[in-house]
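Consider the two complexes below, in which chain A is the common component and chain B and chain C are the respective partners.
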Partner chain A sequence: MNQANLLAQILEWMPFVLQGFVLNILMSVLAIAIGTTVGTFLGFGQISPNILIGAPAKLATQLFRNAPWLVLLFYCIFLMPYQVNIGGVMIQLPSWLRATIGFSFPVAANFSEIVRGSVNSVPRGQWEAAEALGYSRRATLFRIILPQCVTRMVPPWMNLYALLLTATPLSMIVGVEEALGRTQAAVQAQSDSRVLIPMYLALLAMFFLYTWPINRLSLMLERRFRTK
Partner chain B sequence: MTITPNAAPLICLRGVRKSFGTFEVLRGIDMDIRKGEVVAIIGPSGSGKSTILRTINGLTPINEGTIQVGDIEVSDPKLDQVKLRHRVGMVFQQYNLFPHKTVLENVAMAPIQVLRQPRRLVEERARKLLADMRLPDKASSYPGELSGGQQQRVAIARALCMEPEVILFDEVTAALDPEMVKEVLSAVRKVAEDGMTCILVTHEMGFAREAADHVYFTDKGVIVEHAPPADFFTKASDPRTKEFLSKVL
Partner chain C sequence: MITNIQTFFQDLASSGINLTIFYDAFDFDRFVTGLGNTLLLILISALLSIVIGAGCAAILTLSNGFAAAIVRGYIALFRNTPLIVQMYFFYFAIGSIMPVGRNELGLPQPLISSFSWAVLSLSLYSGAFNTETFRAGIGAVHNSYEEAALALGYGKRQAFFSVTAPLALRFSFASLANNLVDLTKATTVAYAVGVAELLYVSNQIWSDSLNTIEMMNVMLVIYLVLTGAVVFIINRVEAAMRLPGFGLGDGQ
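On to the complex of A and B.
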């Protein structure tokens, strides 16, 4: 009887926590989109023979890759304005959006390394064969090297996404109402110590059920591409 | 195949020197290669054979000397890369086919994309070349589905499709299983017999002897001696050549 009550009580709070989890997903999807876009440019910068492009790209990559995610998050939360004025229109930057931008930095840096690594993993002979056929460096990169890289980049990219999603609860510390923050709030509101463990277990289950299939898929793709 | 000694050489190297760091790979190379000639470069590993080939199509820039291919000065800083690569084809030891493209695309893509020739014309030529290389039914296969010998023959077709005046063969059979060496060598032979100027770096002494018009022996970055194969393999004069031949023959 007591057990059933407890379960009902926890289920009652689940929509509240799940709404928070939707924010985790939203932040992770936005951050991976921004991070992948910026990281692509950083990665191309890193492999550029031009030192004026290569050096800053390498510096930015190393800087954001080796900084703790939480520190980058603090920077974005506290140094970014609450609202920006774009052409006379005031746009509010809620804390979840600023946190998302904070997450985009390490994602961009890590993706930059994925791009550099996968381009460098293509055998040198491919560059030489293309050069011997009269392709310029740029044409070789876009027509011959990158098409071979895309499949190599997908598994580590998916791993990066899984890592990013599991890092999003960090934003609770800076006041974003995501799943962890909401779980904590729900536990406190119920003022019943028995719900503590099941509530956090439910939270774990949410993350696991979302992330695990992604990791499995990435593993599967990795195997498929390796055998080819 | 016939040598006309008085004709101006198609390829001419003079005093070519190249260092990698402090190691001098080429220490003054002179060569003259005429149109239609088949030249074999042999020598111990690390003697600079492959580097010579790679300087001729500009893959490896040189430190000193001059290289002339027809009217193109290879070491000219304002060199038109496409023009040079159009005239000089290359086949590599590791084939280096593009794994994400079909065999036909591998052969036809450079003439279409680099030389801007019409697709229909190029593909027709590519199919004919694949037939010449005895691979008529492999056009839509991917390189990964072919044997090493087949891949190397595709690589030869790819070089030919650029319609070059000379093809550089860089140890093209060195990565192959023994039973595939023969099919590739006969493909090279066919290319040579069709009148293509060929420069081969090879360890296949038997092939050099039969197919080449001229054999160069390199050691430690210099050309020790060169002669027609009949003379080279029987009356080599330099002790280094004799020593090498006694090891490989």
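On to the complex of A and C.
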């Protein structure tokens, strides 16, 4: 078989791999949505002056931040039920959905740290000035501190998303049919060792083309916000 | 003593918490091998990634030409693609064109083991992050230090290696600790190419002994201890290398 045939053969498998990549994107979007929501509450918990809220939030953040993603993924894949019963309705939890929930834990913990870090990065004078003006702690946080934090949180949040997307192929290990799993299946189906390098290069290119612009944009935003 | 421990965990097993690694010699051996491999992966990859990071950061600072462009390409490529795909690319794709030797039984055996490929890809991955860290550290050293060195007759290269780099290293520790914690967590990915590290052996043990929850918890605790140990070691090194009157919290 000549080079042109080899290329045609690889191109023929690309839609199959790209469909898997769509699942990677879907998982990452869902996980960042869940993770950001949970992480916001964890982050607020971390800066709470109440130790009963602060201590558990800090513990959860440290636990999920320092555990390997793959270990958390294994927890969710093996220990979560295959279906849940919500109000008499059986909802199936396919492995990709359980993997998504597994990815949400480290995302939540990392976002919790982003929230805490950005709140702490606002100068103390802002808190003191608000207190002097008679703002309550809650009003200070929501009306004065957080509006300033949002721009600071966007670049690290985008980095977190890029990190999450590059973690999604780990779900291949637990049997989710995403891009890496499909590439492997495609390579096995072709049983031709010459396609190995181009197929994996194509997969690397997919991830690169999706993630690189996000990281560039995040860097640009970070620079813009810093000069203000 | 050892029999006491074994009896204790056997009793514990009958009450529902089945930690085979503490009373079954075979599981214990597997587990220790896995832990050893994980530690080796962390140690070798950490050292290599620091060397790669330092080298690449030096290239980026000292050169503007071709070498710097290559380093920038390397960082962009390795930071924006998944580690597991990189590892698969090295192990399956590059590995397929590597020479194959024969083992003592005469069976084909790749000259580069999966462990070596895992070390290689972990080092390159972590090295890309370390390069950014060291570069930021170099950026944090005020220009006046280099200018003072140049005024004293140092060459540009000399000034970099004897003045800027040692100071930059001291600015890099916090971020370096972060990267090495990430590396520690990333060693689990070597599972995917069949390196018998902690996650891999734990998986074998829970498949045989059906104690998934217990083994997962043990594993989680071990990784938390390992990441804690990495941070502790870096903090000790940082403290030992601290220059009086230089650095954070010392500027009064």
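By our rule, the second predicted complex is superposed on the first by the 227 of 228 C-alpha atoms of A that agree within 3 Å, B and C clash if a C-alpha of one lies under 4 Å from a C-alpha of the other, contacts with A are read in each partner's own complex, and residues count from 1 in each chain.
Keep this in mind: a residue touches a chain if its C-beta (ideal position, glycine included) is under 8 Å from a C-beta of that chain, and two chains touch if they have at least 3 such contacts.
Just so it is clear, the structure is predicted and the values come from calculations on it, not from any experiment.
When the two complexes are overlaid on their common chain A, residue A:W96 makes contact with neither chain B nor chain C. After overlaying the two complexes on the shared chain, residue contacts for A:F105 are found with neither chain B nor chain C. Residue contacts after overlaying the shared chain place A:F21 against neither chain B nor chain C.
In the superposition on chain A, A:G125 makes contact with chain B only, not with chain C.
By the touch criterion defined above, A:Y135 lies against chain B but remains apart from chain C after alignment on the C-alpha atoms of chain A.
Of the two partner chains, chain B is the only one that A:Q148 touches; chain C does not reach it.
Touched residues of chain A, counted separately for chain B and chain C, are more numerous for C.
Once chain A of one complex is fitted onto chain A of the other, the partner contacts of A:I197 are limited to chain C, with no touch recorded for chain B. Contacts from chain A toward chain C in the complex involve residues 63, 66-71, 74-75, 78-79, 162, 165-170, 172-173, 180, 183-184, 187, 193, 196-197, 199-201, 203-204, 207-208, 211-212, 215.
Within the complex formed with chain B, the chain A residues making contact are 123, 125-126, 128-136, 139, 143-144, 147-148, 228. Chain B makes touch with chain A in their complex at residues 57, 59, 81-82, 85-86, 88-90, 92, 94, 96-100, 109-110, 113-115, 144, 158, 162. Listing the residues of chain C that touch chain A in their complex gives 76-77, 79-86, 88-89, 92-94, 96-97, 181, 184-189, 191-192, 199, 203, 212-213, 216, 219-220, 223-224, 227-228.
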